[in-house]
Amino acid sequence: MAVTDDRVPAGSSPTGEAGYGPAALAAAEGLAPESSQLGDVWRRFRHNRLALVGMGVVAVEVLAAALAPLITFSNPTTNNTTLGPTGPSLTHWFGTDLLGRDIYARVVYGARVSLKVGILALVIALVIGLVVGALAGFYGGVLDGLLMRITDVFLAFPYIVAAIVLIVVIGRGLNTVILVLGLLGWMPFARLFRSSILQIKELEYIEAARAVGCSDARIIVRHMLPNAIQPVVVYGTIFVGTAVLSEAALSFLGVGALEPTPAWGLMVAQGKSFMSTIPGMLFFPGAAIFLTVMAFVFMGDGLRDALDPKLR
Amino acid sequence: MTEPEPLLSVRDLRTHFHTDAGVVKAVDGVSFDVMPGEVFGIVGESGSGKSITAMSILGLVPMPPGRIESGEILWKGTDLLSATDADLRRIRGKEISMIFQDPMTSLNPVYTIGQQIAEIVRVHNDVSKQEARDRAIEMLELVGIPRPEQRANDYPHQFSGGMRQRAMIAMAIACDPDLLIADEPTTALDVTIQAQILEVLQHASEETNSSIILITHDLGVVAGMADRVAVMYAGQIVETGAIDEIFYEPRMPYTWGLLESIPRLDQRRGGRRLQPISGSPPSMLRPPSGCRFHPRCPYSDGDRCVSDEPSLIELRFDRQARCHYALQPGWYSPGERLAVAEVEWDVLIVAATDRSAAPDVDLPDDLAAREQVPETLADALTASQKPGRRRSRKS
Amino acid sequence: MSIEAAPTDATATTGPLPVEGMPGRGPDAILEVHGLTRHFAVTKGAILRRRVGTVRAVDGVTFAVQRGQTFGLVGESGCGKSTTARLILKLLRATSGEVMFEGRDVLPLDKGATRAMRADMQIVFQDPYASLNPRMTVRQIIAEPLVIRGVRRDDARAKVLELLQLCGLAKEHGDRYPHEFSGGQRQRVGVARALALDPKLVILDEPVSALDVSIQAQIVNLLEDLQDRLGLTYVFIAHDLSVVRHISDKIAVMYLGHVVEVADRDDLYEHPRHPYTVALLSAVPIPDPRKERARERIILQGDPPSPVNPPPACRFHTRCWKAQEICRNVPPPLAEQEPGHWVACHFPEERSVL
């Protein structure tokens, strides 16, 4: 359900005995909602431990990325070839890599890279997805058919292979990765948004907006978007996590970020040769990827439950 | 003549819901009896607790968040609230069955209508598959479904709304229950279909000799169906009595308000406006102090009504009203006052024109000034005596 | 199966009723609806769409509404009354017909002119929960018609205050969201929005049917007050015949896309002539036990037929106790049988059932 409303249709229970869930029940008995919508969302979110942990991890990461120069002690791209790869020490908490660069600094700065990729890729995917979904859902008919077939075609691409081919065509680099992740990631947004729009389109307040003379653009932006955005918010959160993972994978495969960018995927790729001797080279960036992805996924799950308690 | 035993006896039932926002006292001290063979109406608006009362009887209240805090539900003498699950299952569907407002959500979409009725029969009776199916078809025929042998093989979505409700009734009476609980059985239906369903319901209860608890917000439906009525407001019963008593001699201002606020199909408007009840029903999280209706009651005294919760006052046998002033002489509804005023006025006119016909009537001084019988309600009200006290309108 | 707009199906065996004269005519018609028709094609198949039927939702609806009066439109679900409302307002495109508002056909108007027309004709919806955008404050909702027409912020603010007051809401209600209100209050917001542009005609689409009994009367009285104060004309659509009798001056009864009877309020209720009107009136329970016990009730057999490929000629013949051969073959014209009383029936007969 895309629309929060205190009046919920009575859902059928699995026993088939009665269509009375607690929510429907409260609605049937006309209980007015007592607190604000956002407050409700937060209250439900708070009850989900994993989601809270996820949010904490993301918050720490955002802080680390923002304050990177203040909390690291060496430049992440300054070579120290005399030092070479070392394990954790007092001066280099996570050790140093092949070129003697401080892994701790690189992991912290790596958060900047990952978040940048995740968020910019999200923006690209979101914009394409919302436009396609809105047009398809709002106008329907032939346009809908066409846009949805295009979406299907995009969904049919094998993701990593398509990404690699595109990157090779466009040229390597972090910006290419962002573009490609966005171009290959908008389809679920389009589908989600379209289905929300289709539901909302039937509601009377859209008709009411039309009856007072709103233009199509205003109806979509002012009336549909804010009400259709919930599932998109949930998926968007998870999308950031998967984009981080995809970037790491591409960088690991050597088609993503370029040296000396402190990208976690690159660092893992380098560290895999030292897995037995200096495990920290693999472990720290690997853990960063793992934590980030899990954090966003947990947060997305928590958001979904909090935004729509009926789906659980 | 011995007093017949009630079939169902609900005593001081309290069903509360423990929500994040607080305790919702959806049903708060409800008591009533249902006698064999009668149609007992429960009338109320949404939020009055009428549906939760019904669900409590059958143990269908979701717990949590719901909880039955106290009370007794005596079914032929045994308390359903302390019955075992096995006992409850035996009673539910066989002795007491329920008809819901929306049959689509209470019929299982993946089984045929016939299968669903037959299954209920088989659960509660030791019969063969074929016997159960025959019984299902017999029931479908009884509720007026044409070509029942074939329609039994249809799935719920192949039935129209009215047909589904008929199927629900067929299912409900398949095990020959003693009590049918119909929760807004016709609210989702069009009026011509409603008339059919009400007739089917009446017919079904006569065939199976069962009592009905009819839950509805529609005063017209109770007027045509019920023998006795309970009016519910804010989780409590505020008035009970025989159907005619509730409609013609109501003693609780909420009932007055309900009766005055609905437009009448059968009456010319004659320049009248509707008389709405002001405000809205209270939140059951924080019901008002004193009489729960006092914030909306035009007759509230601003004192006792606000501070003391009135109990259900016994007016006579089987007739109660929850109002401090229910026993006060002249505590009449506006409609009744109008009728009384008209009679009084007629007497005055007779007395004025023919003193010998009514020698002991005191003629008011201004009688000559008043030229004719009052025509409008407002005029009649001015002419009639006010109930008990002066109206204390809160601005 | 899917349903979409379709041109009139020429091969159909069923069609609109012929109309003689203009039902509801009078000296000062603000709205005249002429042969209004909307068909939906029912198709099967995702790619190769086969047409399997036509929903004749509204089929040749004709009536006139007098300025300052309330015109009631009653019927059961699927009779086309709400579709008619949407066709008049151009929220749905009509298949054919005319909607004359103050003497001008609004159906062929272009986008800009339609927008201008919408200032004069407004609608209040049935469901006060679904008709208000949950993400907008009440002030934003009421001000929207003004804002999109470029009314200055201060002026819009002042107008919203005036409207809130007019509709019995408090000033501070403006900053709240719809979910903080009860159904009755929400409906007041819906009314305020409809009045923001000072319309001449307001279509009320089941404005009280979603509300509790005690609240319905509040909204009905509000609507009546507003009509008196602002000189509004109403088209009141409802399935509740008691409310319609209370509020309307003239009433049209619809059945399966056809108007079957039009008459003055009391004339219609006291002297119904179309068998469907008779059955409908007799089916409504009256909150008066003695009267209920004494009443005879006409119980119609079966369900209303599906509006997909409805019965030919008189659409009521499948459930009518008086149906003859002619009812199945010849559509009965909607004709003025008594002054001001139009009936579409081959065998009309006055019958009081109240």
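Letters A, B and C mark the chains as written, and numbering starts fresh at 1 in each.
Assume a residue touches a chain if its C-beta (ideal position, glycine included) is under 8 Å from a C-beta of that chain, and two chains touch if they have at least 3 such contacts.
Note that the coordinates shown come from a computational prediction; the quantities given were computed from them, not determined experimentally.
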Chain with the smallest distance from its CA centroid to the overall CA centroid?
C
Going by the average position of its CA atoms, which chain sits the greatest distance from chain B?
A
Dist(centroid_CA(chain A), centroid_CA(chain B)) in Å evaluates to 53
Just curious, how far off is chain C from chain A if you go by their C-alpha centres, in Å?
47
So what's the Cα centroid distance for chain B and chain C, whole Å?
31
Expected list for chain A, residues touching two or more other chains, is 30, 32
When you check chain C against every other chain, which residues touch at least two of them?
182, 212
Residues of chain B that touch two or more other chains: which are they?
45-46, 281
Seen from chain B, its contact residues with chain C in the complex are 45-46, 146, 160, 162-163, 190-196, 198-199, 217-224, 243-244, 247-248, 257-259, 261-266, 268-269, 273-278, 280-281
Along chain C, where are the residues that touch chain A in the complex?
4, 86, 89, 91, 115, 118-119, 122-123, 125-127, 129-136, 144-145, 148-149, 177, 179-180, 182-183, 190, 193, 196-197, 212
Footprint of chain B on chain C - complex, ascending
76-77, 182, 184-185, 212-218, 220-221, 224, 239, 241-243, 245-247, 265-266, 269, 279-293, 297, 299-300, 302-304, 354
Given the complex, residues on chain A that touch chain C span 3-7, 30, 32-33, 36-37, 141, 203-205, 207-215, 218, 222-223, 226-227
